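This is the structure, below, for whatever I ask next.
Read from first to last, the chains carry the letters A, B, C and D; within each, the first residue is number 1.
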Amino acid sequence: MRSFFRRAVPGDSGSAPGGTAIPDDMWVRCPRCRELTYAREWESSFKVCAKCGYNAPLSAQERIALLLDEGSFHELDAGMRSGDPLRFAPAGRPSYHDKLAQWTADSGLSEACIYGRGRVDGIPTVFSMLDMSFFAGTMGSVVGEKIARACELARDERRPLIICSASGGARQQEGSIALLQMAKTAAAVRSLGRARVPYISVLTDPTLAGVTASFAALGDCVIAEPGAVVGFAGPRLIEQATGEKLPPSADTAEFQLEHGMVDMVVLRRDLRAVVAGLLRLFLDTAAIRSSRPLSDGLLQVPEDEPVSAPVVAG
Amino acid sequence: MSVVLDFERPIAELQKRLEALEKQIAAHPKPELEAERGVVVADLERTRRDVYRDLSPWQKVQVARHALRPQTLDYAKAIFTEFTEFHGDRAYADDGAIVGGPARLNGRVVMLVGHQRGKGTKDSVSRNFGQPHPEGYRKALRLFRQAEKFGMPLVTLLDTPAASAGLADEERGQAWALAENIAAMAELQVPILTVIIGQGGSGGALALGVADRLLMLEHAIFSVAPPEAAANILWKDSKLAPEAAAALRLTAQDLVDLEVIDRIIPEPPGGAHADQAGAAEALREALVEELGSLEATPMDRLLSQRYAKYRRIGTFYE
Amino acid sequence: MRSFFRRAVPGDSGSAPGGTAIPDDMWVRCPRCRELTYAREWESSFKVCAKCGYNAPLSAQERIALLLDEGSFHELDAGMRSGDPLRFAPAGRPSYHDKLAQWTADSGLSEACIYGRGRVDGIPTVFSMLDMSFFAGTMGSVVGEKIARACELARDERRPLIICSASGGARQQEGSIALLQMAKTAAAVRSLGRARVPYISVLTDPTLAGVTASFAALGDCVIAEPGAVVGFAGPRLIEQATGEKLPPSADTAEFQLEHGMVDMVVLRRDLRAVVAGLLRLFLDTAAIRSSRPLSDGLLQVPEDEPVSAPVVAG
Amino acid sequence: MSVVLDFERPIAELQKRLEALEKQIAAHPKPELEAERGVVVADLERTRRDVYRDLSPWQKVQVARHALRPQTLDYAKAIFTEFTEFHGDRAYADDGAIVGGPARLNGRVVMLVGHQRGKGTKDSVSRNFGQPHPEGYRKALRLFRQAEKFGMPLVTLLDTPAASAGLADEERGQAWALAENIAAMAELQVPILTVIIGQGGSGGALALGVADRLLMLEHAIFSVAPPEAAANILWKDSKLAPEAAAALRLTAQDLVDLEVIDRIIPEPPGGAHADQAGAAEALREALVEELGSLEATPMDRLLSQRYAKYRRIGTFYE
């Protein structure tokens, strides 16, 4: 098996410095079934557990390596950081300000979302993803703003949009400002839709609450990763609320497929090919060929130059 | 039926004294009693005003949840004429947690849609205490589309603790229903006027609340999650709800500061539950005024303003 | 109680000649619960059984008297008669031709549908209804053509459309020609809808199969009469197919209300007021006021002149 | 697996003789055997042609229902490239009785939607033998809307005995789902090309079959109701299905005469089940040709022609 990830992989699998092979004797424990796997095998299977099939969370660089052409991703607005709209600092509890600092220190990330231009099998796209390792992937001002910008960039450059979601929902510390990111992102997705530019939503473990219930549910094609917890409330909250024990299938990708909410459940090893195939189909339609309602062709856009920044608040 | 909140006790005691006095006066009218009544009435009014001027966020939560606080169907009756309720999502069920249909406001035909918590045990249970299932949102969406077809401005009244969160809701696509409504409202080709009349809780409120103008009754709340749920998420202890209520800035006054809402509609002293007619009149005036200004704006401009309104919400540095 | 119907009522209630009072000692048996009621009482309650609440079928003149302003209805295309597209005459079985003649003789009607202009509380409308007493209200070429013409007349004159349905479904003897009336009528309803002219669909006992599944389901407001059997397959067919005994509530108006398919169940005594109220609301909307997308106002149309006939086949 | 219909016995016997002969030849090649084989082959071809030229309507019903007759997913594989199945109605379930998704036909991207009866017991049961539930039609409608959004011509393949008729279907609005699809197809802003590939039964077929061009495989049927149901309605005896099949004029040849369908696609001798590749090739050619002509027509004209096409169906006197 070829080594899959180009770069070193930080996180629970035991990172190795860039370019160095992972030692043969390192082990990784599956977060779901606790099975031990050789680190090298774990990496080469894209962090899919051979025993239970769990698709463990991927870091941004891992996800990018899985999905995008090597070296094609150029992140935009990497330095964007959250404000503190509520001045959230209840007495005796950690303030939002401190929490943000803590998550940044722990994860090495500045926020829970990245976006930028990238290519899939040569096709220019806008790519965005949410990352559970920062603030449980929760959506606040920065996630909302980046998703909205990703939609608008995709719309303006007529590049298909791919968003890989993973989130616990809206970020409580931003209160109704976080809630309203649902409206902001959903409106941005529809703005993209009116331009008839395709949007593929990939739901990874877990995608819940305000993120599912806004941009993540609204893909022209909705893909879920096997076993991913996907839904609104999520099994844990439902069990808490109802006191009932749920079947293990509840709110999984497969459950949502059966109930008609997602178009397909795709194995990680097939994801790039499936997405590329979908893009080729969507892009070769009359709406795209004739560039309705915008006039510039899809494939004639500038490649990797930054766009002029939209007007923002904050 | 009478429900007295903790912090309303001084008001309730004065009311009791006033009632007793009036009984005495009715039996044996005396000038001293009349004078005392005057004092008590003034005291009551002042106490009401004082208590309700300085409600804590947690007290507002309790007021917003008050059993006697008017609901969508109360306002439908008090403010609108010819309200004609339409039922069902045309696919699965009729969800009583959301009600709606065409009605007249000040003579103009609008589509009215709102949450209904229910009154009394049986009605409340049948309406799931105002927590809609997916079919409720889909009924609302059907009515939104009908409003669009006939050019009826949309008026929505928000009064829900949160979206329902059971396994059945997952099976029928709660998240998908919410997302569809939120997205549809963002591009709906009629003016949208939303008022948070009670609890505006989470995505369940937002699914009826993407609007050109977002108004709020003085003691209503608007929140990313019910305070108990937020406390649980934040501090793993739902008993810290009062602290969460304060930290979440869910009051109308906070939300004006945050530029989330456009206008506060004052409630009568003692809250809408103490004077339903007064609350209805205040709401009516605000609705009529706002609707007039929305109807005067061309639809194209409304739509781009609506997009911009939500597009700019957020605080970040770059 | 005032005498409700202007004219004599033919049918199972025992008809009396026009203008003559119904004798005091005549009885009617409720078709559903078999209870006996004084004929006069039966008529004055609009054929609603006091015991079981059954809303018995109304003849055209009864329905018109119930719903429209007196003398305001002017039928169009009253003489339209069905062709025999399949030349349906299997050996040893009754031919379609003979069946049509038989139904005409038995019912005194030429087909299962009428339509024309009429007024409800002074509001000009196009009114149409299906009649179970001709060929079980089944939809063949004539029903389909009249419904389509009713839609187009309503569209062209910007009058609201009211259709009271009652039907066993598509007429088998016209085969796929009958089936395709579903497409013809549904398309005509949408043509009316694009003109933003309101359409109120009233489902009466029974409305089933191809009629429900085309124009009858597509009302801007769908009203059902209490206890009416309303649905697709209907309880009898479901019981035959599955061998299961259904609850008596299955496929009733109330069942469909509970399951979200109809907007309201309206008592016969309230029907005219409810319909008039709905029309006043629908007609006072921006779409109608501005006459989008047509340019002539709703209330300025000629009243009762016949329109030029649309082009037809057959 | 081999399924021999009653009237196919002469064909089956000749096939058996041919197989035996070929075995003999393989073991002991002899000129007499070779000659005999030539005779049998010619006989087989002629018999096939004769039997299939003169099928009765009831025999056509049996051919249309043949277990080995190709279904939507067979054609998706044989005729289209890159077919990518999309699942679910986004509200209740994924109904296997209807399948669909984008695909390429001769290089052009189209939206393919069709009924799938299933193969073998388990698959067929899971697909309810091609009788969709309301959620199946709603999935189809979602795909129609997606086709419209992206300008993909819609190709539908009809192969259903009828819409499902259980209490659960009533509860979820079978009639409403059918009506919505039929109405939506009437005004869908993309070219629609429909082929009846097997049984085109009742509203369940029409809900996928309101088209600019309606084609039909040579031995497919299209009918207001399954013959058994029609016989039951007409004569209260479902055993009279063969008579009903004849009276209903459900064959492609009858339907051309009635001007219900636009074109018959010839099947290979012995029917599509005897030569799936041949049937697929015939279907492919017809689809490519028709799609080309539809794509050359402006959408406005297609829509008004589509309306007129259905508007004029019917026979009456006035």
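Here, a residue touches a chain if its C-beta (ideal position, glycine included) is under 8 Å from a C-beta of that chain, and two chains touch if they have at least 3 such contacts.
All figures in this text were calculated on a predicted structure; none of them were measured in a lab.
C-D or B-C: which has the larger count of contacting C-beta pairs?
C-D
How many angstrom lie between the centres of subunit C and subunit D, each centre taken as the mean Cα position?
So the centre of subunit C lies 34 Å away from the centre of subunit D.
Determine the centre-to-centre distance between subunit A and subunit D, using the mean Cα coordinates as centres, and give it in whole Å.
Each chain reduced to its C-alpha mean, subunit A and subunit D end up 41 Å apart.
Using mean CA coordinates as chain centres, what's the subunit A-subunit C distance in Å?
Roughly 54 Å separates the two chain centres.
For subunit D, jot down the residues that touch at least 2 other chains.
Those would be 90-92, 171-173, 176, 180.
Two or more other chains in contact with one residue: find those residues in subunit C.
259-261
What's the complete list of touching chain pairs for this entry?
Touch list across chains, by label: A-B, A-D, B-C, B-D, C-D.
Where on subunit D does subunit A make contact in their complex?
82, 84-95, 101-104, 108-109, 135, 139, 146, 149-152, 190
Within their complex, state which residues of subunit D touch subunit C.
Those in contact with subunit C are residues 163, 165-167, 169-176, 178-180, 182-183, 185-187, 202-203, 206, 210, 222-225, 230, 232-235, 243-244, 246-250, 255, 258, 260, 306-307, 310-318.
Over in the complex, which subunit A residues touch subunit B? Could you list them?
Residues 77, 79-86, 88-90, 93, 140-142, 144-145, 148, 170, 172-184, 186-191, 194, 208-210, 212-218, 231-233, 237-238, 240-242, 244, 246, 250-251, 255, 259-261, 309, 311-314.
Help me check something: in the complex, which residues belonging to subunit A touch subunit D?
Within the complex, subunit A contacts subunit D at residues 193, 196, 198, 220-221, 257-264, 274, 277-278, 280-282, 284-290, 292.
Under the touch definition given earlier, write down the residues of subunit D that touch subunit B in their complex.
90-92, 134, 138, 171-173, 176-177, 180
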